[in-house]
Structure formats: structure tokens, C-alpha cells
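Naming follows writing order (A, B and C), and every chain is counted from residue 1.
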Amino acid sequence: MIKINNLCKNYGDIIALNSINVSLVDEKLTYLVGPNGSGKTTLIKSILGLIKISSGEIFVDKLRLNGNFSYREKIGYMPQVASFPENLTVEEVIELIKNIRSSITNLDDELINEFNLKKEFNKKIKALSGGTKQKLNAAIAFLFNPKILILDEPTAGLDPISSSLLKDKILKEKSKGKTILLTSHIISELEEVAEEIIFICDGLIFFSGEKNNLISSTGEKNLERAISKLMREKSENFSNGN
Amino acid sequence: MSTLKIPSKYLLYILFIFSNIIISKTIYVNNTIQLKNALNNALPYDTIKINKENYQFNFLEIKKPLTLVGINSPTFDGNNKGTILIVKSNYVFIEGINFQNTGYSFTNDFSAIKIDGANNCSILKNNFTNCFFAIYLAKSFNCSISNNKIVGSQKRQTFSGNGIHLWYSKNIYISNNFIEGQRDGIYLEFTKKSTIEKNISKNNLRYGLHFMFSDSCNYSENIFEKNNAGVAVMYTNNVKMNGNIFRNNWGDASYGLLLKDISSSEIKNNYFIKNTAGIYLEGCDRNSFKNNQFKNNGWAIRLMANSMENTFIKNIFLGNTFDVTTNNSKNYNTFDKNYWSDYNGYDIDKDGYGDTPYRPVKLISILVENNKTLLILLRSFFVELLNLAEKLLPVLTPETLIDNHPLMKINI
Amino acid sequence: MKILATVIKNQFQDSFRSKWIIVYSLFYFLITFGLILFTNDSNKIILSLMNVNLIVIPLVCIVFGNVFFYNNREYIIMILAQPVDRKYIYLGLYFGLTFAMSLSFLLGVFLPIIFSFKIFINNFNIIFWLIITGILITSIFVGIAFLISMLNENKLKGLGISIFSWFLFTALYDAIILMLLQILQNYPLEIFSLTLTLVNPIDITRIIIINNFDIAALMGFTGAVFNKFFGSVVGFVIALFSLINWIAIPLFIGLNLFNKKDF
């Protein structure tokens, strides 16, 4: 579904992504992990066309990205921080996104109902709490029934009940055959739903493959320990190299 | 005073008419030959009535006191060959005739009517079309020129003479004439004690009114509009201008009223509206400017060097781009008790005058006086800042050019 | 086009409901109303409003437009992740904000004038041009603000550049012209000075207004070029064309930068 070849991105002298080669396995849930500033967000933004890549290729559904935009119909994106025009109502924001994504078929308003957003419909964005904004953010990502879901720290800022509602929703969509990319800089409670892992650090991919492979190859008990071990090895390599 | 002489002049005239009723006869003419015969055969004080025909002749002289009256506007056509009528006798009276086509000359002053050394003549209710000069008076006294309509059609000054032209004349009364499209509308040179009132002079190629060396004349309630160079008066004393309107005279050399070497004169109750320069003074002394209104002019007053002891009192300045400008760093003129629409002061003691003085000369107007191109920065924020700075700390503007009693309200 | 209309509409609604815009509108309302109340002299009111056009609108628009872009970065990212052409987003945000600012100016100035239209009976044409140029200046400076936001990432730096640009356009530029014209006053400078002024949108606006207002003085120019320029339709068309360029060019450059920008 998404295939990335030799992707590089520089911001001036700073190399944000260094020859990334990675694919997302179709219909699987991939967990993109890495510390702050590791390149996670840059990678996601490259896929979404929010930044211009320095070199390399990205394919979404076999289409090579080249400043085109219609492929994004297939993607639902939930940014880490939600921000909408302050003086619009919840309903107006939803209408705005609906109007922008003009090809609307079988809308999925399950999250709107689950999160009970209907009762907030007439409130202005600036009157909403951070949690409610995050709910709206999630609801919009799922609303258009996209084949691909890119969720950036989706449970951050959500209360435990909403968080588990969202987790259920993610699993439900996965079972419907959606390809999902989740990111986090910490190993969160979402770890259990992950099937594939991409571990990124300093713009380099250190691991990509099945979660179970990672755990067994490192000989650790769980993902958190496996990742820690990877990071330790990485820093040792780094100091040996010097 | 010439105003006193007008009634007496009329009185004489009325006596003269009455005496004629008894002894004079009336001759009717239908063509040019009859007209010429009539002029030859008529006795003094006879009346020649001219039927509505087209009469063509040039340089026809009137040598005795006669009354020429047109019936239903006959036409005297000069066929572009020169002067039409020459009046050489006193007491000639011409009324109700259309004069046209004198032709032009660079050496002769071709005129529709030339009054040459004749006194007590009247030119009334005639029309003048396409004439080089329309009415030309030389060395003539006590004449009256009223209710004539003069329309020139030339576009260039050299092909055009003056509407009403006076030279070495005295006690002339010019009123209610309409003059358009001549070189100068009304021109006076070496003419004394005359009265010019209620005339309209507009769209002339040079000046609406132009006089030189013509002392003790009165100008009142005339309208001078859209003349190429406005009105110019030069080298004259004792002028009285009262209640005239100077309007819409635009151009870099155009003035509502240009005063050059004028002294001891009174300019009162006039209106200066939308002229590039309302009044331009050069070398003028001891004149009084009072109760005039200056509205929407580019420059209300351009007070140039060597003008001294002029007084500007109780005038109204409304919405002029520049109220006063000068090219001199000293000032010997007086401004007092005027109303300035740009004045922003207050009147705490309620005496009707602002408590802080008004400086009508702005820094930018001084700069523009030397460098016209700077007009392009008119009303720019930066220029307003400069004006403000200069107002607080005068450096370039004359310190004594100041109105210490600016009126708070327009008193009419 | 439907997408463009959607973005414009929502941006307009959002901005027009913002309390800053309401304060902005109220500011014009109070200024205009105050002027009418205190002077009653339509000429003075018009000149003061012209200064508002020349000074306040550029400042507010350039600052507001700049802050707007930095403050709405997350929203812009969210909307850019949707399947839309980037240029519609930029244009949509630009026009939405410009319409809101223009309408706010229009209401603030127009309502008090309508209430007391009798004072302005002889000056309707200048009022008309004040409003037109006010809207044009709004469009220009929102565009410039957007362009400045595109040129650098730092909010404070952007704000600094914005305020400096405002100062350049409103005062510094004229100071430089004044100096040049004084230094070079022995040369024929008609076309030179006209060209210089026609480069600055604030000067153009000023000239359009004073061409209605101070025409008697402007006719005092000795040069034929000036009289031709100020006295005829030609000059006016050139001035208007130049203003429209000032909308189009920053918008075009900003749009290109936006298309290439990393978010």
C-alpha cells in the first residue's frame, strides 16, 4: 500500500531522513516508534505531501507521489495536535472537511456517536476542552472511511474511556482490512495492537518488520525492552564508531 | 467718485433723448447702400432703424451724433476684411445689432466697433461673434458698454483680440456683459475712474480681466471663470474690487487674481474658489484684503517677496491645499482675525478667537515653492510629520507670518 | 473551485466572528463617528479617513495577516493533509481573511457616513474612492503579510519584518523620495518622481485621493507630464493598474512559496 525507496530529507545542513527504505504491509497495523526528533513526523509528513522530499520515491497504492494530491482521498490523518478555526462550530468544521473532500461515500460517523460529539455540534471550537478537540480530531480522521489511517499519537490527551473507545475503533478498522500507521515516541498502551514495527532514530531505520520477530531476535520479553535494547546497541555502535 | 458720475451721465443722456423727440427724425434702412446713405444724410441726433438683414461693409465711419437701433437683430458682417464700425463722434448710441467676422490682423486692431476719441457713447445689447476685437475704445470718455454678448471662436492667442478693450479712456461704465473665448475678456490700459460690474468673463485664452496703469477703477460683482491665466492687474493704485467671483482658473501660470505692483487698493468680499492660486501678490504694498472667501484653492494666497504692509483681515480660508505660501523668510504683512479651516486650536476664554496662534505657512509649501516636483508628496504621512515638526519649531517658515486671533467660527 | 469557495467561506466566517475583527470594525466606527460629531466638515473628515487608509489599514493588515499565519499553522497542516490542491488553500485563506478585513473596514466607515450622508453630498465620489482604495490597501497588505510569513518561519522575526515594511511603505519611502527630489532638483524629474511614487501602493492611494481633492493645486505643476497624468483618466488607470499589481505580485510569489513549503 505504501512503499518508500531511498527517501532523504534535509533541512539545510540537518539530515532529517537518511535513505529510508520501508514499506507498510497491507491490512496490517504498523507501529512507528522512535524518540523525539527521530524523524517520525517528517516521515509521516512526507507521505502526506506536507513537505517536499529531497530525494527518493514514495508510492501510495502504486502511485508515485509527485506533488499530486488526489491520493490523499485514501488517507485519514489524525495529527498529534488538533487545531481548527477557533470561531467555527464543531458542525461547521465537520462540514468544512466534508466539502473539501468532495468525493464522499459511506461516511463513518461511528466515532462521532461514540464520543457523543453531536451534543457539542453548536459549540465554537474555542469553547471546547483539549480532550474534546482531540475527539473531534480522531472522528474526522475516521469519518471518510479511508483505506489508510495515519494516526500521530492518537491517544495523547484523551481520557481513559475515550482512549479505549479509540483503541477499539482502530482494531475494528484493522479487521475491516485497513492499513494503519500509528506513531508514538513512547511505548504506549497501543503496543498490544501493533503487528508491525518500524523503529526510527536520527533519521535512520533501525528495524522494520513483525513485532514478534523484533521481540524474539532481541531475546526480550516485551516490545518496550526490545526497543530499549535496540537503542542501547545503537548508541554503543555510535561510540565505537568514534 | 465715478459712482456719483453715472447718474449725472444718465441725466444728461435723458435730457438729450427728450430734446431729440422734438427735433429728430427716424430713418429706416433695409440694405447696406441705404445704411451708408442714411449715415451721410442724417442730421445729428437722428435715429437710424435697421431692419433685420445682412449688411456687409468695412471701416464704416460714424461722424455725427446718431442712434443706430437694430430691429430684430440685423447682422453687420465684416467678411473677415477688417474693422466694421468706427465711431468718431460724441453721443453715438448703438443697440441690438449682431456684429460678426472682423478677420484678424497682426498689424491692425480690427474691431467690430472702434470708438476713437469720442465721448458719451453707448453700446447696448449687441452680439459680437468671431471678432478680433469686439469693442475697442481709444481716448474716449464717459461711455457706457452694457448687456453685450461677446463670443470669440479662436483657439490661439495670436488670432484673437480682446473682448472689451480700453486705451487712454476715462469714466467708462462696463456692466452686465458676457464675454467668452477672446484673448483677454476685458482689457484696460491707462484708463481711469471707470466702473466694471456684473460682467461675466470666462474661458478666455489669456486673462478674464487685464489692466495696467489704470488707477481708481472699481470692479464689482463680476464673475471670472476658467480663464487660461485668470485675472491680472498690474502697476496700478487705488483699485477697488468688491464682490467678484474668481473661479476654476487652473494651471501652473493661472491665478484667480494676479496682483503685480498694486498699492493702496481694497480687495473685499470676493470669492476665490478652486483656483490653482487664489491671489498671487508680487511687489504689492499697503493693500487691504478683507472679508474675502478662499475655498478649495491650491494656494489661497501666494505672497511673494517685496510685498509689504498688506493686511489680511477677516477673510475665510476653507479647505485650501495651502493657505499661504511665501518665498521670503521675513514677513512684513499682517494676518489677523481670519477664519482658517485647518486651525485646530481651542477657545477657553470664549472670546471667539482661538487661544493659540495659527501659522498658515506649512513647511511643505515653502519647499514646494522652490521645487514644484515635491507636490507629488502632498499629504504624505512623512510630509505631515515634517509640517508638524516645523510648526513646533519653526526653522524655514517666516516667524511673523502668523494669525494671532484665528476665528473659531465663520462669522457671516 | 468549489473547494476554493469552501475555504474562503469558512475562513471568512471564522475571521469575521473573531473579536479582533470586531474591535477593528468598532475602531473605524468610532473614528468616523467621532470625526463627524466633532468637525462636521466633510473635507477634514475625508482627509482624516485618508490618513486612516494610508496608515492604520496597512499596519493592522500586515500585523494581523502575519500573526494569522503563524497562529493557524496546525489548522493549515490538517487541511493540507486532505486531498486538495495547495493553491486553493492559500488563496482561500487569503481571500477569506481579506474579505473579512475589508467588510469590517467597510461597515466601520460606511455606517456612520450613511447616518450623516448629508454632510458628504458633494463628496460622494471621494468617499467612493476612499472605500475602494481602503479595500485595495487591505488586499495588498494582507498579501504582503502572507508573503512575509512564507519567507520566514520565526513568528517574532516575521512580525519585525512586517512592522519594518509598514514603516518603509508609509514613511521611509517618501522620506527617500523627498531627499532625492531635493538633491536632484536641477534635473527634469517629472517622470522619475511619478514612477517612484507609482511604485509604492500607499503613495498611489494617496495620489488617487488627492487627485480628487487637491486638483487645483496639482494643476500648479509646471510639467505637462504631471498635468496630463493628474488631469486625465490615463493617470488614474495607471494608478489603479499599479495597485492591482501590488495585490497580484505578492500573492503570486507567496502562492509559489506556499506550494513548495515544508509544513
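Everything below uses one rule, namely that a residue touches a chain if its C-beta (ideal position, glycine included) is under 8 Å from a C-beta of that chain, and two chains touch if they have at least 3 such contacts.
A quick note: this is a predicted structure, and the numbers were derived from the prediction, not measured.
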Requested in this report: Can you give the shortest number of steps from subunit A to subunit C, where adjacent chains in the path must touch?
Outcome: 1
Report task. Starting from the Cα centroid of subunit C, hunt down the chain whose centroid lies farthest away. Result -> B
Query raised in the report: In terms of CA centres, which chain lies closest to the overall middle?
Result: C
Requested in this report: Could you tell me the distance, in whole angstrom, between the mean C-alpha positions of subunit A and subunit C?
Outcome: 42
**Report entry** Inter-centroid spacing, subunit C versus subunit B (mean Cα positions, whole Å)
**Finding:** 47
Requested in this report: List the centre-to-centre spacing of subunit A and subunit B in whole Å, with centres computed as mean CA coordinates.
Outcome: 89
**Report entry** subunit A residues touching subunit C - in the complex, by the definition given at the top
**Finding:** 11, 45, 48-52, 67, 69-73, 75, 77, 79, 81-88, 92, 96-97, 99-102, 124, 137
Query raised in the report: Quick one: in the complex, what on subunit B touches subunit C?
Result: 250-252, 254, 274-277, 296-299, 318-319, 321-322, 341, 367, 370-385
Report summary line: In the complex, the residues of subunit C that touch subunit B are 41, 43-44, 47, 50-51, 54-55, 170-172, 174-175, 177-178, 181-182, 185, 189-190, 193-194, 197, 202-203, 206-207, 209-210, 214-223, 226-227
Query raised in the report: Inside the complex, what are the residues of subunit C that reach subunit A?
Result: 2-3, 6-7, 10-11, 13-15, 17-18, 72-75, 77-86, 259-263
